[in-house]
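Structure record follows, encoded as structure tokens.
Order as written gives the chain letters A, B, C, D, E and F; numbering starts at 1 within each chain.
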Amino acid sequence: MNLLLYRDLVTRALAEDLGRAGDVTTDLIFSADHRSSAVFRARESGVLAGLEPALEAFRQLSDVTVADAISDGANLSPGTVIARIEGPTRTILTGERTALNLLGHLSGIASRTKRLVDAVAGTGAAVIDTRKTLPGLRALQKYAVTVGGGRNHRLGLDDAVLIKDNHIAACGSLTEAVRRIRAGIGHTVKIEVEVDTLAQFEEALGLEPDIILLDNFSPADLRTAVARRDAAMLLHNRVLLETSGRVTEATIRALAETGVDLISVGALTHSVTVLDIGLDY
Amino acid sequence: MNLLLYRDLVTRALAEDLGRAGDVTTDLIFSADHRSSAVFRARESGVLAGLEPALEAFRQLSDVTVADAISDGANLSPGTVIARIEGPTRTILTGERTALNLLGHLSGIASRTKRLVDAVAGTGAAVIDTRKTLPGLRALQKYAVTVGGGRNHRLGLDDAVLIKDNHIAACGSLTEAVRRIRAGIGHTVKIEVEVDTLAQFEEALGLEPDIILLDNFSPADLRTAVARRDAAMLLHNRVLLETSGRVTEATIRALAETGVDLISVGALTHSVTVLDIGLDY
Amino acid sequence: MNLLLYRDLVTRALAEDLGRAGDVTTDLIFSADHRSSAVFRARESGVLAGLEPALEAFRQLSDVTVADAISDGANLSPGTVIARIEGPTRTILTGERTALNLLGHLSGIASRTKRLVDAVAGTGAAVIDTRKTLPGLRALQKYAVTVGGGRNHRLGLDDAVLIKDNHIAACGSLTEAVRRIRAGIGHTVKIEVEVDTLAQFEEALGLEPDIILLDNFSPADLRTAVARRDAAMLLHNRVLLETSGRVTEATIRALAETGVDLISVGALTHSVTVLDIGLDY
Amino acid sequence: MNLLLYRDLVTRALAEDLGRAGDVTTDLIFSADHRSSAVFRARESGVLAGLEPALEAFRQLSDVTVADAISDGANLSPGTVIARIEGPTRTILTGERTALNLLGHLSGIASRTKRLVDAVAGTGAAVIDTRKTLPGLRALQKYAVTVGGGRNHRLGLDDAVLIKDNHIAACGSLTEAVRRIRAGIGHTVKIEVEVDTLAQFEEALGLEPDIILLDNFSPADLRTAVARRDAAMLLHNRVLLETSGRVTEATIRALAETGVDLISVGALTHSVTVLDIGLDY
Amino acid sequence: MNLLLYRDLVTRALAEDLGRAGDVTTDLIFSADHRSSAVFRARESGVLAGLEPALEAFRQLSDVTVADAISDGANLSPGTVIARIEGPTRTILTGERTALNLLGHLSGIASRTKRLVDAVAGTGAAVIDTRKTLPGLRALQKYAVTVGGGRNHRLGLDDAVLIKDNHIAACGSLTEAVRRIRAGIGHTVKIEVEVDTLAQFEEALGLEPDIILLDNFSPADLRTAVARRDAAMLLHNRVLLETSGRVTEATIRALAETGVDLISVGALTHSVTVLDIGLDY
Amino acid sequence: MNLLLYRDLVTRALAEDLGRAGDVTTDLIFSADHRSSAVFRARESGVLAGLEPALEAFRQLSDVTVADAISDGANLSPGTVIARIEGPTRTILTGERTALNLLGHLSGIASRTKRLVDAVAGTGAAVIDTRKTLPGLRALQKYAVTVGGGRNHRLGLDDAVLIKDNHIAACGSLTEAVRRIRAGIGHTVKIEVEVDTLAQFEEALGLEPDIILLDNFSPADLRTAVARRDAAMLLHNRVLLETSGRVTEATIRALAETGVDLISVGALTHSVTVLDIGLDY
């Protein structure tokens, strides 16, 4: 992932930890030329994500040497060595918490994504994220989803159109909303429409958007929608079907087997459980 | 909470959602003078936190009118009205996701904190947070902990001293580490020492730090430590005792009943489950 | 256009004009309570774009009153009143140059775009921009293109895929490049392929990308490509065809009549002629 | 040019191109350790300006090696090699557009400036720029003017005084305006007065400003003003005479031959035509 | 003084005081709707400077009402009311220290400047500042000098040329240094030369710079230089003469009476004594 | 001191000196490859502080080589070599003033602190700073105080509680104010109470805060307070006693000999006299 996409975030994370006087414990105990080495090591199983942003926390403090680094996407077991780092003791102790906060969070996202992706293996459905991300962390969280094998939904409000019920209600009709969009939108921007019922789905399908989001549909209704879409496909573009709504590891397989193309999961990024990774000296 | 502590974070959250072209869906469907109103409403039970930062997401886009706002710390049930907002439709639709991302995250923190605080009611133990926060969100996350009835541990590396095993190992001895700290630290800064065994605890107690952190101690060992601290109290300051290590709602009561003063819980901020709050039109 | 997309740019533009001491001429001649009014007036024909960013230059200095403002997209003739502004004389004189620099540049873009759009009227071809924008000005420049009736190509490197000759050469083949993209790209992101010859076009067409960019093709070759695309359309999605390469007002009609869907023009944003607009007191 | 004067602008230019996910095309096709080399080469004749800012676009992404770089101010012909660059393929492909946007714009400024400077060769008149620059680009644009052999007018509102008709009108008289300025202005700041008629010029000359700007004067009137200034010179400082107003390559020589010292050209920076420079692999 | 010249500085000053949790004392004692009023009052004699930046500290926290504000430049005696402020108690208590730090520092500068200006009254010499300012405070410090009746030397490295001994030594000769400057410098930029001896002064005078800085000259040598300059004046521009070097209130009159035009005093900004101003409730 | 705590301040200091065109004098006289060396040398006696921030001013401009650097805290005499620097002439001349402004200011603080610390040697009293710092400079100023042997009072509003008369007055009573604080404050945060009279002191002592600030007490009253505190010590924590109020080098010893623990001196940071340090070529 491009350094410029996380460099300032790492600076801010360090800044909020350093405050106005820095790591007073470490600075009073160790001189600037005291050196140490340490090892990032997994303490539970999962998927690694975010090693470069984590290392950036140290690099912004001083030069450090990194060895034996494995790559994002690697499978972790308890004890897996992720990387070794050597440098000024002040740098390692001061940067540790910021690095671990990043690494644990992003690996937590990748690990859960991977479990969901594994759960739908063979169905053809993709596990995708949402805009339900934490403030300031969207780029990194969405990156971690891809590391876990998921795909990204739109990055924000400007790279895809998503017409929701509120848009339709205030505008009068879905048909009118789509018309207004097509009158001004760029040719690289896909159009998605959210529907709550099969009746709305029929209207949407007739407008040939790129994607239709079936919100909180039952598996049976999803199957009906897929069949309708497939029947219509010879005459127009293949409309992708997405489903959403409180998806869990227990329920995702059944959703995937309905034939939908995309299953979006807000919890991938809004309710993350940290993956336990430690820094051993 | 002071506006200046979250204003820039809200700007960044909006910026990462707006991208380079803004909310293209909304801007193409609605003119600038179309107006709407909407209601923040809880969809599950919990504690409200972060309403002002959430409203700030709209205020940075344009003037809006807010009515019937309840206060952070209020108990929520499914359907509780949190606030009504009126303003340009573009503002409400464009700011919605940023506002909800903030509100759900912070209320999720406050709600879990409250459950833990309730679980130790009457024991005298305080539930406290850690530095295991998400990058860029420390101030808001720590604020949400206080809304839920928890207390804050140090805000960062500079407002309290915490001497850990790595400091001691590289320095030679705890006694020497404490000596170096006291030679330079300000008089407003408290000193905490982390210990892993009862033997280390004894050494630490003799140095009269402000706080001793007993990491991963069993309830039995915690009781021993509390008794030792209490016995020593006539002769010196009252040293506060903190325990930490994978605390859950199931285990926290037993820890509190050992007589420790403080129970720190990393998961309060590193593994947050969103509280479901919606914006209804 | 969303205020947050240009607010900081306006601040920077004012800052580079104010330097370290501000408008010393105005501040020494006028007291803070001296007030004036002025009128933005077109001095040549064209299309208005960027009035809100221009007014923002004054609003960042102090409160001002704006009246009789016309909207972006309005046709201008010499003498057309664009807006009247009233406020502190210091604000108006100090903000004038920044406001006019923005307004003249963006209206210059909209005006040229409009001329090109008019030139292809009735052909079905859209006039689109490129990433050949000026540093820091992309969002505003692309907005001005839409005001002039053009459409936006991708906003940057992350909202659409464009596989160019350099990608293909280093990767080995177009087919392999497309395979790698499809293995990881999100479902909202369209894929475009650039080709230099009809042979490359055939290979590209078989891969069914969303868009094919025909770089520097002759009108005859464009016609061939369009015919080939149309013939293939019953079997797969409709691939959009884009042409580019030193398009001018003199040549664009002939390109549009070949049947291509999109004509991209770098000069819309990389070689802008200011539209002459003045501020009269 | 000092790195600190353009470093942040380059960061912003990269940021608006990278968006939230970076160069998805390149990142999916090439691994981080794939390397390439490329050559900046002129595709038309002109003057080089901005090579260091252009290279900075790559340097902010990763280390790169630069060879055979020629200097700003060099004359370019079609095919001239400007610099060779070697580094990670991701860096080169991702930074290319930002680098070329900077280089083409600044070389376009320098090239036009040079043509105007050549047009007045031998007359003693200097070609100077104005504050009609593009938002955020003033420092670089004014630098490019000097590369082309032009001189800079004031950098902003604070480093020279320019009393315009609006100042005079609201203040009552030019004499009073000059009095107020001289009561407070620093001794390093030159004072310029703008006049529209020969009568105003006479009043201005009597006040002995450092510079008088003759706005939209005919060549005949310019000659008269020069003669009057020369006649007055034994008694006071030599007042510099500047002319402005829609100067072109066709008209500038006649203006210069009137004997004025300075000819200011807004189009140098407000209406720039890119110089075509490419990056060949 | 223009708000944009100090707004960000005030934000930073508040941020370094608020830290990560804000004014915990005030926020725990007072609710958000508790209101107070307070009065800025001088506790010693001097000259007021910086009231607007001081008030900005409150305005960034919330709306406040200001009454009875006197203007920068007003003479203060112990007890003088400077302004009354009313608003939320949290705002007033939280912003107080930041406001007073600004006001006391800037008034301290203006007050000392005024004493020096009074000391040279009637001599024709101006008291000027230097670039020996405190990091981040240059604009405000130089503004405060003008409030006290002093004039500003150059604002930075780019708005005037100052050729020092180091430039001359490395370049070979003063004549060559001046030649290089004149080959490229803009026509609005004045040229100053620093000399250490009368011999150097003679060489400098022959080059007709705008200003000559006589560093650490005795009053007798200053008189000689003034006489030489005056004798040369019929033939060329009037070169301004500046003296510098540990000027105090005790020594400045003698320097001024030598006939020099400018006396620069680094201590105006590098060694400031606060003016005691309080905020009474 | 951690680089991240001063890096942006140095950038801003350079930016305000460079303006929009940089060091025009140096850039016109010297080419980019001309190199020089120079020596930082003390011109008066004192204590060194801020060498790393000063060197950072050069490092942000280009690579430089530093040799023979002594450490912050070293005693300086006229002529003491502080460091030698070698690099591009442009870097050294352009960065010189920014570096010296930082170094002289911070060394001035350390030097005065050291004189005060020496004055109370043997008494057990510590010399401490306040929040009366200059805008934007708090972290560096407080660091310089520690270099001079002083201790830091709270860094800002959030790392310690200080209940002042205004808090008490508006709240009703000191006892109530302390109650509110203790209901919400974190366990790492010390509580200080300011008192103006011995009667208030008695009330405060009974509440057992961590620190009591005796504002403007006479030495006799300070002695009384110390005796009362000592008498009470067997029963509760040792409350630290701080005195403040226009402390000078002449008066501080008498204050220290009263037995107070802490003497706070606002002038350490609000009224700094530069230490004269030069850069010799």
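We adopt the following convention: a contact is a pair of C-beta atoms (placed from the backbone, for glycine too) under 8 Å apart; a residue touches a chain by one contact, two chains touch by 3 or more.
Quantities reported herein were computed from a predicted structural model and do not represent experimental measurements.
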item: Those chains which touch chain F and also touch chain D; value: A, B, C, E
item: Interface numbering overlap (same over half, different under half) for chain C and chain D; value: same
item: From chain A, the most remote chain by mean C-alpha position; value: E
item: Most remote chain, CA-based centroid, reference being chain F; value: C
item: Euclidean distance of C-alpha centroids - chain B vs chain E, Å; value: 45
item: Euclidean distance of C-alpha centroids - chain E vs chain F, Å; value: 23
item: Junction residues of chain C, two or more chains touched; value: 16, 18-23, 94, 138-139, 152, 155-156, 158-159, 184-185, 189
item: Contact footprint of chain E on chain C as seen in their complex; value: 11, 14-15, 18-23, 27, 60-62, 90, 94
item: Chain E residues within the chain C interface of the complex; value: 1-5, 138-139, 142-143, 152, 155-156, 159
item: Contacting residues of chain A [partner chain B, same complex]; value: 9-10, 12-13, 16-26, 28-30, 34, 36, 89, 93-94, 97-98, 100-102, 104-105, 108, 131-139, 155-159, 161-163, 166-167, 169-171, 177, 180-181, 183-185, 189, 266-267, 270-274, 281
item: Chain A residues touching chain C - in the complex, by the definition given at the top; value: 126, 128, 146, 151-155, 158-160, 184-190, 192, 210-211, 237-238, 240, 261-262
item: Chain D partner contacts - residues on chain B that touch it in the complex; value: 16, 19-20
